Amino acid sequence: MNTPDVVFDVKRAHRIGLDESVFCAGKSARQIETILRDAAAREAGLLLTRLDAGKLADLPADLQAGLDYCDISHTAFFGPQRPVAIAGKVAIVAAGTSDAPVAREAERTLRHAGIAAGLIVDVGVAGLWRLMDRIEEIRRHPIVIAVAGMDAALASVLGGLYAGSLICVPTSVGYGAAERGRTALNAMLASCAPGLLVTNIDNGYGAACAALRMLGSMGLRQA
Amino acid sequence: MNTPDVVFDVKRAHRIGLDESVFCAGKSARQIETILRDAAAREAGLLLTRLDAGKLADLPADLQAGLDYCDISHTAFFGPQRPVAIAGKVAIVAAGTSDAPVAREAERTLRHAGIAAGLIVDVGVAGLWRLMDRIEEIRRHPIVIAVAGMDAALASVLGGLYAGSLICVPTSVGYGAAERGRTALNAMLASCAPGLLVTNIDNGYGAACAALRMLGSMGLRQA
Amino acid sequence: MNTPDVVFDVKRAHRIGLDESVFCAGKSARQIETILRDAAAREAGLLLTRLDAGKLADLPADLQAGLDYCDISHTAFFGPQRPVAIAGKVAIVAAGTSDAPVAREAERTLRHAGIAAGLIVDVGVAGLWRLMDRIEEIRRHPIVIAVAGMDAALASVLGGLYAGSLICVPTSVGYGAAERGRTALNAMLASCAPGLLVTNIDNGYGAACAALRMLGSMGLRQA
Amino acid sequence: MNTPDVVFDVKRAHRIGLDESVFCAGKSARQIETILRDAAAREAGLLLTRLDAGKLADLPADLQAGLDYCDISHTAFFGPQRPVAIAGKVAIVAAGTSDAPVAREAERTLRHAGIAAGLIVDVGVAGLWRLMDRIEEIRRHPIVIAVAGMDAALASVLGGLYAGSLICVPTSVGYGAAERGRTALNAMLASCAPGLLVTNIDNGYGAACAALRMLGSMGLRQA
Amino acid sequence: MNTPDVVFDVKRAHRIGLDESVFCAGKSARQIETILRDAAAREAGLLLTRLDAGKLADLPADLQAGLDYCDISHTAFFGPQRPVAIAGKVAIVAAGTSDAPVAREAERTLRHAGIAAGLIVDVGVAGLWRLMDRIEEIRRHPIVIAVAGMDAALASVLGGLYAGSLICVPTSVGYGAAERGRTALNAMLASCAPGLLVTNIDNGYGAACAALRMLGSMGLRQA
Amino acid sequence: MNTPDVVFDVKRAHRIGLDESVFCAGKSARQIETILRDAAAREAGLLLTRLDAGKLADLPADLQAGLDYCDISHTAFFGPQRPVAIAGKVAIVAAGTSDAPVAREAERTLRHAGIAAGLIVDVGVAGLWRLMDRIEEIRRHPIVIAVAGMDAALASVLGGLYAGSLICVPTSVGYGAAERGRTALNAMLASCAPGLLVTNIDNGYGAACAALRMLGSMGLRQA
Amino acid sequence: MNTPDVVFDVKRAHRIGLDESVFCAGKSARQIETILRDAAAREAGLLLTRLDAGKLADLPADLQAGLDYCDISHTAFFGPQRPVAIAGKVAIVAAGTSDAPVAREAERTLRHAGIAAGLIVDVGVAGLWRLMDRIEEIRRHPIVIAVAGMDAALASVLGGLYAGSLICVPTSVGYGAAERGRTALNAMLASCAPGLLVTNIDNGYGAACAALRMLGSMGLRQA
Amino acid sequence: MNTPDVVFDVKRAHRIGLDESVFCAGKSARQIETILRDAAAREAGLLLTRLDAGKLADLPADLQAGLDYCDISHTAFFGPQRPVAIAGKVAIVAAGTSDAPVAREAERTLRHAGIAAGLIVDVGVAGLWRLMDRIEEIRRHPIVIAVAGMDAALASVLGGLYAGSLICVPTSVGYGAAERGRTALNAMLASCAPGLLVTNIDNGYGAACAALRMLGSMGLRQA
């Protein structure tokens, strides 16, 4: 694998407790194929993110067959996956249907690491009752990932109702003044509720990694 | 008054039903004095906005004495004011204490036009119970002016709970990612709640003028 | 309909007087089909917005046949529609031909709610006579929706000539310094005419919802 | 004068027909004094721009006495000035009182070059009658400098009513969405009226220089 | 032609001396066809701008045959065109080959109005000798349109060498820090050379209209 | 305390486990005095943030005497403070001396809640050895708050060396391209290291609140 | 070659020691063909940059055959190329695989000028050991080109470890807060390490030209 | 000196060949005093940058007396300074008088390191003859630092005339569209001249450090 242009950070899992994963957005089908063949040779399990349907179709049939692909989040599992080791610790809460791809990217990243997360979608605060109906369920989790675009008001409301660790993921949902996620990002950062933490726009993967770090801090997994 | 640099739009009240008012931010104390003396000669009542304490102190004592000044909103009434003609139609709802100057600028502008507005401050959604305690009171008004800075989540939550006409005023409260009110402005514009309308940042005066236009549309005052 | 990723806000019409509508931009043809079949089962009438021609063509033929589609505004009516209950209360005024899609999105949204709106297009202020020819007609409506891109000067001029409730919709028409509608948005917000209210860029749907809120405030419809 | 840090472009008048002038904003009182003493020695007439009152007060009394200072535009004439050679060719039209400093900077720059310009202030389009009252007078000038801040709608309206050369100067008047003049600048650049030309924000001096270039093109002065 | 969505400003030529032209970017082939048929019926000559090759190919063959199309500037003449009435008054100077489309849009707009302009391309200042070789030729024109992208340094250098009227057109040529033309625009506006005037990004048409206004001011054509 | 403009969220500690604190930046000395007198009456302990020296000096002498003020972080403790209940769980790591005010705001907020945090300042990565000297000490804490301005490279380097929960606080340190903290914020959000979480610019208080939420998730304190 | 729209700067190599190269992004296949035929006639060697595969395929077969194309960097050599004259002086260091296209554009530009550069890819600082493994090798070169996107932390770390001339190239790798390379650019400009120099985003060509200038300053090649 | 908040990077000179210097902008007079006393004790020579006159006046008289202060660049030398070891290798070229502070900051930083640089000010390209008069002198230096604000056209023109290493420093000189130096920065980055390298806005210190790195690469000083 170590061609001049690629040096895999194989020590990373060792060093910070986060597995290898493959961000496919900037890679060619040919490069992804090489990575998968290498992982197959090592019998390693991989998570692929941002793998769009076109690039998936360009992969050799045998590799496609070996992928467990999710067409909502554009993620895929390859090779052996961990069994679920932890459940009930992380809830993923999304404001609207359009936020589901990012929410599911977080869910799949956690699942790849052996964590089963609860998924609660379409509880945007413009219809406050939807959130209130689920708030007790949400409160049972020590870690919540809140996913929202546009005005991202869900984050502030949740921040006032929920006392645990709150990871906020702004999404690029919306148009015009939503500024491709910048408004949701800024609103989460400037929230009137204290102690919210924020990831990059659409970064469901990063939110899951942060949750993994926290689970390690809680002694529930090896960092 | 019609010096080469100033042409008062005396036909405006006639044309669009909104009285003269004096935006003091870009004017010298000398210019404001001239305007006040002229209004005094005409026995006209004036509203002054953005009159800071320093500029107020620079005015001649007799003019200062004739001003009804509010040091929260930096507005002043000069000369004869209208009696209250309409009440119970407009509520002004502000997220936090820091939004009070803008909320009160709206309240005073309405008062100058003979409208008594209800003022409900510090009902930001990070403490949702504060808003829920007042929501029935708010719902009794056909027009609501919502004032909020930072993430402006109040606007979206209110937009989902309240069915009447909702005028949103973003404020420049906050720092960093609040971007001097731009984030609140964008969040209100991109709100997930439908039918919200928005003014310029910190524009309590403009929100009140919009409410006056609506009261005219409702047949409650002469446009 | 309530799959894990979609929770329809069926209480919304009840709560804030605004019907269900389907924003199609972020949804797949398959998702839209599900929504339409569900509405058909409930014999509910729907408004679809941002439905582009490609996605329309991907819908099953029987659903396509059941849609009343407008290829200027990219909106569609599905199922039973309300009769016209109110007319002569809302005028939609657009600066140029390129603003027509947004103007018609507002018109169709109002029509879906039983409101017939007047539509006056191509009255941009660079040819001032075009607006002056129609100003008396415009003035007869208590509510005006002004749609304009580029410099959005129509809003300010109208704001000085018209005394009623004025809802301004900036459009993304223009290039370069028009900044995809940001300049029109800012110009409307910073207008020298008092009491203008503004929606998100290209948000004809939101402007119509705001007009519906106002008609409710006026007692003309149930909020 | 040619200290290591200052090389006066004495050939400029020769080369492009525009006189020396001194932009005082970034210069110390001591530097300005040196420049004035040098000009006095050469018996040269100078225009000083952006000379604020504080810096003026820091100059030696004899130099202060020799300055013809305008406290609206913060410009000063020093030494012998040209007589008026041309009149009736340039009109300066400003939207509001707050735009007067920029309008007068243009007027004074022209006066320094021997050109008497007409000055028409407070004709903003929110009160359209004010502009219509003066439009015939404006039309008599082959060159117009239009000065406006906030939404700068004056430029577009004038561009549709006036056929001559139109120089637009955006000002930093306004707050919030006016973005320190950026909105006025963009609105003028994106104007729906064809053939408008634009200068930097608050650049009355530059607008006057452009008018001087045009007068040269018209054969009315030596370039 | 006057369908509800289109009101041609037929009085414009009369009012400000600039002919009808058709900005095709936001119009469908069907709309353009209607406009051309209408012009044909009136035996009017038209200029079409921003007509890309795809849209051209979608027009009926007879209309395509009647168009004099330029595939560099994406402009077309339709119907009878004016003879050349004025020459030697306007030079168009472009920094690089990539700026040619904008330069030629200006040239063709002038030609449509009966003005023959000189065209001098690829004289960017990174190779200063190229500009110096042509500077005397440039100086013979009372009006110059300078077209440049990226850093737009051509404008400042020309502004120091040329005394006539200088219209600057920033282009969207470049990448990264060129910010789609914003850097060229800002550099021209902030130029150290006095009296430069600027149009919107890529607005060759607007620069030509400004030159036409100036030629009117010079008494060379009827405004 | 519940004047019309202030509604203290006294239920907050109950609801999300975070105590009352007073953000002084937008409040007058008079308002702060009122809040302190009220807290004194309730025998409550308060944290004050963003209390600049000038405002401190404007408070009555008895109140000043009762404040434990830190002139680096501009925070103050008022009234009874909690004893230290938890130590060794949170480290605060700052890139440079200029980041110390923000780092200490976080430290003091934690101290107010009974948490003793380690403080490690001036370990910016331009002198990598400084960080490497302390990395084992840092790794002993399950939660790290990383404070950095300018390019914020400390966050990425730490993210690759440290496996626990990492809260990143961008600061407004720097000039020009540092864009008042926006560059540090964006760099942290776009970090090549996975699982970093970010707060608003200069928000040491918010970072501490996030750490308190995490300590609650870890079962070390009552949420 | 000197058609009205193209004036090749053939004196450039003479004047500043940098050869002709062809930036293909804004040019048609037809224009590139003309340039290649002209170079063939002159027996000149050319470097082509930003030549995407589609445009390559549109060139005549004989020209395609004559191109030495690199599908990672989208560069091509045409005609006779210089032999390697200098080696071991320039190292190109890239943070990740996605930065390889820009790194290789720099490498190929240097190779075209007869310089063999070392290429070290995938040493991003989130896995610090990767860089530390190569640092001694890097230090042996007097000039280093550092290529990085997202947070660009590689530049600062390298700036603290390496004493030679350091040219930093930000890339547009990343999404959301990476802002198409603007964050990497700003982070490099605001770096805490002193003496870093920066090029435009993705400008591998420019970085190589800067290295060529430095090699000239070192007396290793003729400027 | 190693108080908890300050860890001096004393190994830096050793590691990358650049001496200690003190950036005073974010430090109190008390902190600067501590640093100076420490340097005095070590008999070390220091460079202080961004030391404004007010802060200078707040230092103890004995320390003030020991400072060699430059009130143009706001830099100071403290303690023993190196003799001049290298001359004639670096020229600093500034566009205008207002750029002198930044140019002199670079000059003084070089002087502190024992390098005498040539200083050529006020050669902005709006008066091209000024630059052409000095170009041969400039060309004699292998390294040039070009300092310019506003449109920064000097950089591009120089880049086309000068073949050596060119370090460009944008300055925050100008107003409006100059955007506090961002326009100059972008123009330099997007320059049409190849191989220009750029520092942060107003960063004369950084430009000098880059020149020192280059002199090291040339073997003229120890890195």
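Letters A, B, C, D, E, F, G and H mark the chains as written, and numbering starts fresh at 1 in each.
Following the convention adopted for this analysis, contacts are C-beta pairs under 8 Å (C-beta built on N, C-alpha and C of every residue); 3 or more make two chains touch, one makes a residue touch a chain.
Everything numeric in this text was worked out from a predicted model, so none of it was measured.
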item: Contact-graph distance - origin chain F, target chain H; value: 1
item: Labels of chains that are neighbours to chain A and to chain C; value: B
item: Which of F-G and B-D has more C-beta contact pairs; value: F-G
item: Homomeric contact chain B-chain C: same or different residue positions, threshold half; value: same
item: Distance between the centres, which are taken as Cα means, of chain G and chain C, whole angstrom; value: 49
item: Interchain centroid distance [CA atoms averaged], chain B/chain F, Å; value: 35
item: Distance between chain centroids, defined by C-alpha means - chain A, chain B (Å); value: 43
item: Sites on chain D at which at least two other chains make contact; value: 12, 15, 126-127, 159-161, 176-178, 185, 189-190, 193-194, 200-201
item: Complete list of chain pairs which touch one another; value: A-B, A-C, A-F, A-G, B-C, B-D, B-F, C-D, C-E, D-E, D-H, E-G, E-H, F-G, F-H, G-H
item: Chain C contact footprint on chain D (complex, rising order); value: 95-96, 124-128, 150-153, 155-157, 159-161, 174, 176-179, 182-194
item: List of chain F residues in touch with chain H within their complex; value: 72, 97-98, 100, 119, 121-123, 126-127, 129-130, 173, 175-178
item: Residue ranges of chain F in contact with chain A within the complex; value: 12, 15-18, 142-143, 159-167, 185, 189-190, 193-201, 205-206, 209-210, 212-214, 216-219, 223
item: Sites on chain C touched by chain A in the complex; value: 4-7, 9, 11-12, 15, 25-27, 31, 172, 181, 185, 200-203
